[in-house]
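There are structures below to look over.
Next, two complexes with chain A in common: one pairs it with chain B, the other with chain C.
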Partner chain A sequence: MIISVILITLISIIFPGIISKTKAKIVGRKGPKVLQVFYDNIRLIKKGSVYSNTTSYIFQIAPIIYFSTILLATLFIPFGNYKALLSFDGDFVLFAYLLALGKFFMIIAAMDTGSSFEGMGANREAYYSLLVEPAFFIIIASVALLTNNTSFFDLFNSMHLDTELSYLITILAIYVFLWIAMVENSRLPVDDPKTHLELTMVHEVMVLDYSGFDLALIQLANGLKFSIYGALIFNFILPVQFSLLYQVLIFISIEIVFALVVGLLESFRARNKMMKNPQWIISLSAIAVIAFFSVLIISGKLILI
Partner chain B sequence: MDILLFQFLIFLSLGLFFVPKKAKYFYTLGLQLAVIIITSYWAILTLTKLEPIKLHFFQLLNNDVYLVIDQISAFFILVINLTMFTGILYAKGYLKPYYSSKNNTELTLHYFNFAWLHISMILVCALRDGLGFLVAWELMSLSSFFLVIFESEKENIIKTGIKYLIQMHIGLAFLLTAFLVVHMKTGGEINFDSLSVYFANNKVLPIFLLFFVGFGIKAGFIPFHTWLPHAHPAAPSHVSGVMSGVMIKMGIYGILRVLTYIHTDLLYIGIFILFMSIISGILGVIFAIVQHDIKKLLAYHSIENIGIIGIGIGIGVIGIAINNSTIAVFGLAGGLLHILNHSLFKSLLFYSAGNIYSQTHTRNIEQLGGLIKKMPKTAFFLLLGAIAISGLPPFNGFISEFLIYFGMFKGLHAANFSQSFILLAGIIALVLIGGLAIYCFTKVFSIIFLGHERSIKTEHAHEVENSMLFPKIIISIFIIGIGILPIIVIKPLANIVSIFVNDASIIETITPSLSGISLSLGLLLVVIISLIFIRSTIFKNKKTTIETTWGCGYTGAKPALQQYTASSYANYIGNLTRLVTGVRKHYSPIEKTETFPKKHTFETHSSDIFEDKLISKPTNKLLSFLKKTAVFQTGNIQHYLLYAVVFIVIVFVLTILKFI
Partner chain C sequence: MIFVLIILYAITLIYFVLSERVAKFIVLLSIQGFLLFFIALNNLIHIQLFGLVLILLETIGVKAIAIPWFLTKIRKTNKLNRVHESAVPVFYSIIIITLLLVSSFLVSNIFHCRTIQIKFLSVALASVFGGIYFIIIHKNIFSHLVGYLIIENGIFLLSLAVGNEMPFMVSLAVLLDVLIGILVIGIFLNKVGDTFSDISVNSLSKLKD
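The block that comes next holds the complex of A and B.
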């Protein structure tokens, strides 16, 4: 369904705006327009670029690859009971590895500048994403165990049919996915995009030397990544078969609620100490293992007396 | 006819001693090409006809020794041939500087052993006779030993070589014991086929463990890996590429060969292989991350990849044991494909490391940096290898991992409680290994090629000659080909897997997924190319400025000193795993009274807990004990005469007392 790609792309434009608006309202500021980030990006595309004399072609190609992998990842997201454009058994493995490919290039691009700040950010990004990756796979494995399916579309569609107990898995999965989204998008509590000290940044510091078109691509990709995770959460929640119109409405509202939740979480939560981040991220995998256990109990493989 | 030619070629290898220095390279190349053509012909014949070829090799004491090539042998022979071919091509440029410093004999020995490493590996794959196999195995160890000590004028290289030789012989001892036990129990000839009789009537596990240790030392499973990180850096790069690419796989071949005879207790064996592989995979990459020596790092990565291969094989064996053909077929197919894939990208990486070493004469990545501007082609190939070894699309490493994932996810539903946990462990291990590999190779690539130059070592570096790049192009074509069109490898893989599983046709179920992957990667390419196009049109009438890197407005410091180093990049993992990697920091702290800071140094070192506890500690204990016995060795001839007299007296007395 091309419609999911269009919707995800459209939502990604307003997504960062909603988050910052929510955060502004909570602290009592007026806040920027919802579309401000989008206007910024258009302005960036119109501008010229500044490159560091240390950098090579890696630095220039990385944003393109990053954006392309994330754009392609949107094609893997099913839309309720409509298949995704690219759907096959094991598609989630390619989905996760595509995102990793984009990350690989962003990391080496940050190292390309020869800056200690950007090296630090790149290092943290590599470290945190390796820690968060298992959580995603364990959750998918739990659902695969429950439904005997191995593609995004089949996983989401068959998981609500089996038993009422599967809602338990849904809740756990959504909780884990929410936090995975926060980590993957370098948000609180792992990273604070609003911090003003290079030493404490993760993602923001990696793109310090980007400007113009490249920076716009990176920011568009970030928005896209957020709305992809929102779409995954939507697929987890959508309970029964609806008509297309309702699905679109539900999709939009879930994405907006997701953005509001992110804004709320960011307003009321402090950033972790850097050294505490690994434990915190690994705890997500632990929660995912609980989901796996629950599935074993539901499917009668683990019998507790 | 063809076997005669093969025997003749083996004989012809002696001719290397008689050809002039200049012609030696081409003589070896010709010899190996001939071997490659003949053996590949056999291998392809086997894979198409699906029945083993049996050729009479020679007769020894009325015993006929046959070359038997079945699907597994054929697969390994093809992998060997490909890597040995690129290896000898790469050697041309790499050995050129040594022509002035090495004498005729040394070069002859090098080429002779290179050719014999090739021949002996093919024999290892083809001989079923136990003694013949062990002789070929020994020839393989010996020839690789001589290859490792090529730069024998350096003292530590000889030391490393001896270490390697000793460990190989410990492995041989295990294999020999295993064969002898089987021989004593069954009374038959010492060969592989008598294993089937033995395994049918006796306990499987003890003999399998003997074989596993024997072959595991060659393959480099942790904790039997301690020779690897020393031998690979010591060897010249084409040799490390070949050793890491194919020679350690002979250990895997041995394990697979033994597995073909086992039909009971497979569940425990599968779990054991999986357990060892998960440990090797995760610890291998962790050890790799804390290394600064590029070739040592790549050697640890070989251990990691042996782990991935083992995860595939272990999962496959578990699948056979629980009669789940999906898990069995995809696990084994993924493991086998990873053998080919690893031989491709690992040789590519070692050859690239060789390029860097030939230009900078250092293997310490902390002294490199910014090389992408001086060696752009080498940088491209190393980047390609780095992405492939991290298991990322669109290259071949992803495909083999995908096959293993596919088997594990497909098998989850049908598995019972404990089996689903085993599968989950496999999944988590693969994910973690992938993430850690990305961590490691972003470090390797960026510290060597990106940023500023860190020392004067890189000053005179420039791109290497074409003969050192050409073999990389061949390898890259395979890497990209398998990565983008994985469908081509499915049918041959099914043919090989059918040795273990009666019906491997279930492998066809992955076809839609693989076409999906090809389609997605094609789309990705289209998106990337169109974005590059859009970018260049936008940039046509834009102002692009070149400035220094952002340093919070401060431009006073030397940029090369400021930037991130390999140690700092590895710091997180080093701290997390200090128990096994033993990362220690040595530095002189700045004193309070030091108003004007003097020069200070900072060093980090890492060790390998398995090497310390399993090899170094016992050896040192033994050495210190043996040193105590050295009081008798006075060097005084009178003392030695005294010992002789004492000995004679004791023998005399004992004879009188009728003790002996």
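The block that comes next holds the complex of A and C.
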């Protein structure tokens, strides 16, 4: 259903604004308007892009591919008891690899610039993505094991919060998805979007050479990514018997709460040392493994003898 | 509810090897104490009142409040902030502790004994071996103390696994044992801290008659 795409896109416009506003309020500043990031992006879209002579066509097409893959990924997100526009068995694999494809192009575009800083950022981005991917797949595999389904729509629709095991998986899935969203968007504690030192940057250093329209696409795509993960969390906790209006209201509330939580986490958490990031990210996969084996054993699907 | 608590307990073991701050160890021990309190409350609600009150006091009073308070005092006296010297990189430790948890889940599921409650046994084994692993990879006395407490929490879960309750005297003896252990190691740690201005066990090799 198209409503999920529309809502995810609309929420992605205000998502970064809510995060900045929360962070500003916590430190006692007035902060920018919630829509300020969107206005900035509109301004950037009106501008042209500047390309370095050392870059090739890869650098120019990467932002478009990045944005379009993430937009395409939103088509896979169901909305409560309404099917997603694209839904089939194993759709979550394509969903994950669409996000990975966009990231891949951003990584090779960063390396295309020939800048040592951007190459370093690309290296880190690839490493962190590699570490966070098992967490996503294992947690989705746990839900698939619990519900005996393999598409996003069936997974979420068969997942009822009625057993102890379903509560356990939902709590762990929300926790893991929250941190995956932070890692995927290069936010604290893995990366700090406010930092001005290239040596400590991950994502921001990769997009240093982008300007105008391309930069706007990258920023819009980042907002979209956040609201996609918010939509996944919404699908985990929504009771399906609600009417469409209530579902929309709950969706908006969950996305706003998600943005507030991200703002709070960013306000009260320090950035990890760069060398501590891999161990922190792998702990998410470790939690997902615990969830997976719990489902396997508690649901009696693993018979050892 | 019981599964949620047990799995949360298992997750605290991962955070033990991930953390490097001493204050975080203490918070995690306190969380484990509260989790054990709720696990005991959930599982032992039907036993006689005196035994239940004692076990609940042991978990919430001693494990969740008294021991963390005492450890915080030791931490402040010795100005301990971070544990630097882990013998194994944390990245590998997380993988090892996860494998430990998974193998403990699998091993305990092989048991088909009516008197053993598998749900407790699986995490109890992981906690005991996790505590031993924690002691092995750290060189300072405070971490050894934390590892000892993780093992003790594992033994508490083991007692829930093998029977509904430990005999009253056994429970009391374990509690006393732990308290005296903590007090003795705490005083020892303070003395080592005063003498060497460092609590690494390497400093003890300098001791002479």
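To be clear about the criterion, the second predicted complex is superposed on the first by the 295 of 305 C-alpha atoms of A that agree within 3 Å, B and C clash if a C-alpha of one lies under 4 Å from a C-alpha of the other, contacts with A are read in each partner's own complex, and residues count from 1 in each chain.
By our rule, a residue touches a chain if its C-beta (ideal position, glycine included) is under 8 Å from a C-beta of that chain, and two chains touch if they have at least 3 such contacts.
A quick note: this is a predicted structure, and the numbers were derived from the prediction, not measured.
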| item | value |
| --- | --- |
| First, second, both or neither for A:100, with chain B first and chain C second | first |
| A:81 touches, of chain B and chain C: first, second, both or neither? | neither |
| Touched partner set for A:50, first chain B, second chain C, both or neither | first |
| Which of chain B and chain C A:36 touches, first, second, both or neither | neither |
| Partner chain(s) touched by A:278 [first = chain B, second = chain C, both, neither] | both |
| More chain A residues in contact - chain B or chain C | B |
| Contacts of A:158 with chain B and chain C, given as first, second, both or neither | neither |
| Residues on chain A lying within both footprints (that of chain B and that of chain C) | 278, 302 |
| Touching residues on chain A, where the partner in the complex is chain B | 45, 47-56, 58, 61, 64-65, 67-69, 71-72, 75-76, 86-91, 93-94, 97-98, 100-101, 103-104, 107-108, 111-120, 122-124, 126-127, 129-131, 133-134, 137-138, 140-141, 144-145, 147-148, 150, 198, 208-209, 212-213, 217, 278, 285, 292, 296, 301-302 |
| Sites on chain C touched by chain A in the complex | 1-4, 7, 10-11, 14-15, 18, 89-91, 94-95, 97-98, 101-102, 105-106, 109-110, 112, 122 |
| Complex contacts: residues of chain B adjacent to chain A | 369-370, 372-373, 383, 387, 390-393, 398, 401-402, 405-406, 409-410, 412-414, 416-417, 420, 423-424, 427-428, 431-432, 434-436, 438-439, 441-442, 445-447, 449-452, 509-510, 512-513, 515-517, 519-520, 523-524, 527-528, 531-532, 535, 538-539, 542-552, 559-560, 562-564, 568-569, 571-573, 576 |
| Complex interface listing, chain A residues touching chain C | 164-165, 167-168, 171-172, 276, 278-280, 282-283, 286-287, 289-291, 293-294, 297-298, 302, 304-305 |
